[in-house]
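Next up: some structures, all given as structure tokens.
You will see two complexes here that share chain A, one where it goes with chain B and one where it goes with chain C.
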Partner chain A sequence: MAVIRDVMPAFELLQPSSVDEAHRVLQQHAGGVWVLAGGLDTFDWLKDRIKRPQTVVDLSGIEELRGIRSTSDGVEIGAMTTLTEVMQHPVIQQQYSLLSEAASVVASPQIRNQATIGGNVSQDARCWYYRAGWPCYRAGGNICYADTPEGRNREHAILHADRCVAVNPSDTAPALIALEAKFVIRTRQGERVVNAEDYFIGPDIDITRLHILEAGDLLTSIQLPSRWAGAKFYFEKVRDRNVWDFPLLNVASALLLAEGKIERLRIAVNAAAARPLRLTAVENAVRGMPANAATGEMAGKVAVKGAVPLQFNAYKIPLMRNLVKRAIGGVEEAKWAS
Partner chain B sequence: MGFLASPLQWATDPWGKLVPIHIAWFLIWVSAIAGLLFLVIHATYVRYFAKPRQFAVEGSGLPASAIPSRVPRHSLAARLFHWVMALAMLTLLFTAFLPKVGFQFPWVTYHWIAGVVLTASILFHILHASFWLDFWSIWPDKIDITDACHRFLRFVGRDAAPPRKFAKYPLENKLYHGAILATGLSAIGTGVLMMFRVRTVFFPRNPYLFSDMTWGMMYVLHGLAGVGLIAMVTVHIYFAIRPEKIPITKSMIFGWMSRDFYLEEHDPHRWMVDSTAASPHSAQTEA
Partner chain C sequence: MPETTSEKPRENKDAPPATASERVYGVGHTLIGKDYVTPDLYAKVTGQAKYAEDYHVDGMLWCKLLLSPLPHARVTHIDARQALTMPGVKAILTADELPPPADSLTDNGTVIKANPKSERALTLEPLYQGEPILAVAAVDEFTAAEAIEKIAIAFEPLPFVIDPLDTLRPGGPNPRMEGNLWMQPHPSGGQTPGPPTIGELKWTHADFAKAEHGQLPAGKTPDEWSYGDLEGGFNTAALVLDETFVTPDTSHQTLETRSALAYWQNGKVYVYTGTQSTAQTVPAIARWLNIDRSKVVLISEYTGGGFGSKITGGISLIIPALLSKKANAPVMMRISREEETFIGRARPSLMGRMKVGFSKEGRIQALDMFVIANNGPYDAVGDVPSSGRIVSLLYQPLAMRWRGATILTNTPPRSAQSSPGGLQGIIIMEPILAKAARRLGVDQVAIRRINCPEGKAPFGPLVNGKRPYATSAFLKQALDRGAELFRWQERVARTPKRSGTKVRGVGVSLSTYVGGTVGFDGLLVITPQGRVRFQSGIGNLGTESVIDVHRAGAELLGVPWEKCDVIWGDTAKNLPFTCVSGGSQTTHAMTRAAYAAAMEAKKRLQEIAAKTLGGKPEQYQIARERVFRKGGTGMTLAQAAQRAIQLGGIYDGHDTAPDLNKLTKASAAALAGQGLVAAAKDTYPRDGQTFSFVASFAEVEVDVETGKYYITDFLACADTGTVIHPRALGGQVLGRSVLGMGHALGQKWVYDPHYGAMLSTRFYHSKPPTILDVPLDMRWEALDIPDPETPVGARGVGEPPVGGGCAAILTALSDALGDEIFRRAPVNADTILTALEAGRPMQHPLMAHI
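On to the complex of A and B.
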């Protein structure tokens, strides 16, 4: 593991007070700039001296990036809104409890007070080989140290691995995908709005990033449409230590029922791949079926099709199967047959 | 600053050793610009400065009518090989370098599949050329070297005998073939071994097959061969579409070249065409 030195290398700190100013600053320094949100991911990198940006742009002084606002079609959450604010906001709790639940299980209360939703969805991979500064694929090198017979890969990917087997560690990301959220990004060309699932990319597309933000881009807000407000939600996170840990796997689903049958479902899992996975095959398979254990059982099997375990993470396959099963059939009905 | 930077990228491996990891990606632009520069200079030279070509006048001893109007040049198998190889090569170049210059897509699977196709086609070509074609026709011979010297002397204004007409392949073709052979085989050899680092259907992954240093050198060689091929393929395509080379390009499509072109460019003593040989379209061959 890397030695934490606690003294960060020197960098130029810029603290814009508006989105326009931040955008201008990011364009000017696009090459060697680092965007600082809550700092939970950033300070690990900087203190370990593995990332050495020349310029850090601190977004904490931009008020317009904070807060949760009602819109004509749902709510809009500023990218710098803390996870505690997201978790405690009455509209989120009442209409989008999936997101408040996901936010409530991120790390610890102290971290949630500081961490932002924009940072949570944009954080980097937690693979320790990568975080230790070794020259792996994700760091621009030509090897994955985790995907070897001896590699410590218990937490790594079972799906869509492509050279790199690191996973996306965000808890809010699958909830946002299930809620059909849209991410608003300020780019060089102007404002761009993307679907939540399109914000994330796997190593097959770009092995050095987990999301689509280019240098100079800024995630400004996340929009939740009213379409799924008040739906039947399910979120579950499995982790080694319940007090504070990244997910071994999590699942988020939003379900609309009509006469006991599944009218529409959106379901996503994270920590199974380098990007949160929307399980469209499951969504299609269960449409029109009753939301019970049998449907959940079938959905679980569909969900893990194509999974390839590494040396130490085969447990993730039954884990994912059962989380999907519980997301559809409910905890009470689920039978831990596998 | 890019051009002043190291042509290789280095990293420290877990054992503290400095190892190369791959080439610096600015070499993509170096190669692309070199290829384009070559063709601009060549086109300018041919258009404004080149003197008309002059060959030594030697009778073939054959009446022109003894040569078929369509001279067979490439068999169907040879042409199929060429175009399969070309398709695989272009796929390899695009899948390798487009992501490096900003066009993101899932390239790895396409890349190794194209690499497998290229490898298979090259193996076929080696066997085909060794046992069914005139193997030595693509390698420079003594006459090529002598004529090249004469051409150079005449180019710099010195007295020298005019060169003879070409055998089946001009010297430039032969040299290009040699260069593409060396570069292509470097890319293929390293590429096949690099497949041990990704998941394929052929063999289990084994990233520890070689040391970090050996792997690094392999990635560097693969990268250098790859960027070298950008310039080489650019130059190849440029010559293929030059007006005076079109008959050669057409012969790679249809299998034959015209009797006039054959007699104008090629020495029937050095590339003997069986006067009774049928062209790929024998029904249209004149007596």
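On to the complex of A and C.
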């Protein structure tokens, strides 16, 4: 039968107004149900008629999923809070500017007004073969089209590839890992809280999804502990266009210094692998060292150990090396006289 | 946080806070050179403007297309029974129901034979992935899409080729059954030549010997010209460079896709669509539908961008027209973004190799240019020949050879895109010029100045023993003025070039493209109420020329603009024969036509006054909405118009001049009796061919640790003749520069060559530039020197800035990073970073679509 794209097919739309109600309808429809947050990932899939859910559960009417609240140990961000709200929130800006910086460079201003933090961390891969409906590993097939002799893979993985070479494209994910965030999930069994880095999975665990959510699960909020509030942060995203682009690579780090030495570092990169990578080897290697260019150089080399380029993405290795270096040693900014 | 992450484009802190030209234009004029509010502005900014998709009519059906999933195949089986039994499905249209292609007739009566191998709106042998095969009309789009999914269709896959070099290799696959390029028929015995046929071109293994090292093979080509002593030029050159450069395929990506609504009424087809050219789209529709042009009415009040992809609309518009006939109901065809990516046209990539010999001062003594284009499967675009002409004009080589081939592939059809061939030729040439200047120790502005065209500058090969030449060129002045405004010398002298992880570079480029044609008609009516109504057959494609050109006529008549109306956007409203809005010809061609019509009106007003009030016509003058002679005897324009109706004949449109186009005559006849109807053909002499010129300047800042760069400043100084409408001109000079910049900044196609499938089907893959990719404070200025070969002095401007927009960025990058970084465009972080790591260009220059 013929294929047509770019016309949304019909589905049943459910619009719960509370988390309990959403949880209930998700349990009732466990198979073939699609959770809709801001829609930026969803509508591409639906319009292209590649994902064909019978039922879509729209979370936009659930007020309790929105907003940023102070807690006894930091802040809690509702999963349906928009990226614009995250980047503009004064507490995030003052205490966790790593996250506001990351949110501020997602996609475009219009998209950030609509996109949510929960959606940003739960979005699917953007591999152009997978998104175009090619029957690849990630889509349940038995080939990776990007990793063939003529496959086009400039934006694909350099680390932890396992059959699939797609990357996770989220900008906020590495920032949340660096901030030691906790993800609160409503599951069939009840509430579950996981560490940010454990929310994301690679193809070795499950090749068909980028996160741990099972059918019927709902990400409800993200908690930022106060431990890293006001730490020395670094975020950088490198992309082709200055706006409306996914990262070629990004880096996020939080650094605690004591007497000029690195006491603790948390650092993560994204768009290097199918999950955002917390670089624990780097974190361990730099402990007790001065946060300077030399330490950065060393850390950059540690970071890219084991990286394997594809035909068109070798640039990601020096890029990741340099971004990690800058996260620790800083950027030597230009001082132009005129 | 590092500044490089910021989404805000950097503002150049040194630059004055100007967002436009600070110069005053229009000195000595009442309307020409003045800013004003165009009559379509409020509708556009408030959303009231109606584009094709905004028209809804009673009983309208909606249609969707079935596109080929394969790059080349034969449809072996279609079973639509299940689809046709669905409630709400009204009709299906397949390729075998299309009318046969019609011959066309030029205005001088020459028959152009229809080419049976040209593109049709639907096909049973798709020649590229995404080519429409059939269309379904239903009560809504949802039903039409569901119906398409219920159609069983089978294909026999056929050989295909995506990269032109692959089909040129010995034994390489052909994109069409007959071959891989068009062959021009040889005229014989005074007969009308037949249409071009498809032939085969293969190069030898020896030709490809150095291709693995990135050198473009220069095998035999069907087209070649030369002039001057090429060999002598190379022999005495102080420096000879031989470089390969590859430019990107880029989709036009107009924000308004080529949607169309069509219905039939009283034997006429009414088509609503976006087009660049209102009057000239009618004959195109008539040809595509194989009906008489008197049976076509086109409504196109607003067009959301064309850039050469909608010069006369799109052939796909016949799909709703034919479905409407079949289903006996109006049919709306909304083209989705994905469909537009396939059928919406694109600029062809040019692979180029230039061998250039320079004197020690940098003068180009000899230039050997070789280019091939990736054309897609259908009619040949003109980019390859155009690139040679533009390079020969812009750099005035003392001797030059040009060779080229336009190669067919199984990729979407190309069409002219802003500065077709011009952009590619300029961006192949400018980095070589920049490299030569560095090698010779010559300043970058100086090397361009010494090679710059001036006055009646010649271009191209000999034609009948003489090289054709430009009407005028003041590019040297534009280059000097631009360098002054940009503070070129000051910036070049700055040290250091590198600070921290950043390197700065400044770039300059020359740029040109054609800027005008002649011979079209103007038509206006002075009403008995004393208003002047200009009939405008120009498309409203966003440049404002649809309105602007008539200001030249209004000024000549001395009528305040508030008393003028412009009629546009509907061919039922009696429009004159008008140029197509392509090739940046409109401002030139149609100010001439508007001027001619106003001169005709003036003459008739004088005659009417003399007939009515006595004396001789030449004793009368026209000013302040009156026609009068010394001593005060006179009449108002309203009275003259009333008198014109009484006089009839030539005065009110019942008669017209014999040299008018028949379309203008028909329109004048339809307006007859409404007032003083003045119709005239532009017969003003012109010595030379019209081009406009731009000098472009850019500064970039590159981060050597990430490869990311920002354009930190941009300035363009334009030589476009007399300025008609400064704000619109500035919009063109900078807007089209940005179109060019996209080719440096990342705009491209990505194709999987193994499957012949396009991967860059969305904006976030194909990466057209956004407003945040360019500096907020870009500046422009125009010389405002009238072209001596046109009565109003104005030349066109749409395309001339495009090449410079791209090449100024490329030359700034090579100033910052050296000559061993890139050999293709676009240039992105990956290009820069891998080359900096390796110390040499790392991307294979001849590999397409990465």
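Observations, loosely collected:
Note that in this section the second predicted complex is superposed on the first by the 326 of 338 C-alpha atoms of A that agree within 3 Å, B and C clash if a C-alpha of one lies under 4 Å from a C-alpha of the other, contacts with A are read in each partner's own complex, and residues count from 1 in each chain.
Here, a contact is a pair of C-beta atoms (placed from the backbone, for glycine too) under 8 Å apart; a residue touches a chain by one contact, two chains touch by 3 or more.
Owing to the predicted nature of the structure, the values given are computational and were not obtained by experimental measurement.
With chain A as the common reference for superposition, the partners chain B and chain C occupy compatible, non-clashing space.
Once chain A of one complex is fitted onto chain A of the other, the partner contacts of A:P290 are absent, as it touches neither chain B nor chain C.
By the touch criterion defined above, A:G39 lies against neither chain B nor chain C after alignment on the C-alpha atoms of chain A. Touch criterion met: A:G141 reaches chain B, while chain C stays clear of it.
Applying the stated contact rule after C-alpha superposition, one finds that A:D162 touches chain B and leaves chain C untouched. Of the two partner chains, chain B is the only one that A:D204 touches; chain C does not reach it.
When the two complexes are overlaid, the chain among chain B and chain C that reaches more residues of chain A is C. After the superposition on chain A, the angle chain B-chain A-chain C between C-alpha centres rounds to 110°, nearest 10.
In the superposition on chain A, A:P225 contacts neither chain B nor chain C. Following the chain A superposition, chain B and chain C show a smallest Cα-Cα distance of 6 angstrom. On chain A, the surface patch touched by chain B in one complex and by chain C in the other comprises residues 145, 148.
Listed in rising order, the residues of chain A touching chain B in the complex are 134-135, 139-145, 147-148, 161-163, 201-202, 204-206, 308. Listed in rising order, the residues of chain C touching chain A in the complex are 1-7, 9, 14, 64-67, 69, 141-142, 144-146, 148-153, 336-339, 490, 494, 499-502, 504, 701, 705-708, 710, 745-746, 750-755, 757, 759-765, 767, 769-770, 772-773, 828-830, 833-834, 837, 842, 849-850. Those residues of chain B whose C-beta lies close enough to touch chain A in the complex are 9, 11-14, 19, 21-22, 99, 104-109, 197-199, 205, 207-208, 212, 215-216, 219. Chain A makes touch with chain C in their complex at residues 1-10, 44, 48-49, 97, 101, 104-105, 108, 126, 128-129, 132, 145, 148-152, 154, 233-246, 248, 312-315, 318-319, 322-323, 325-326, 331-338.
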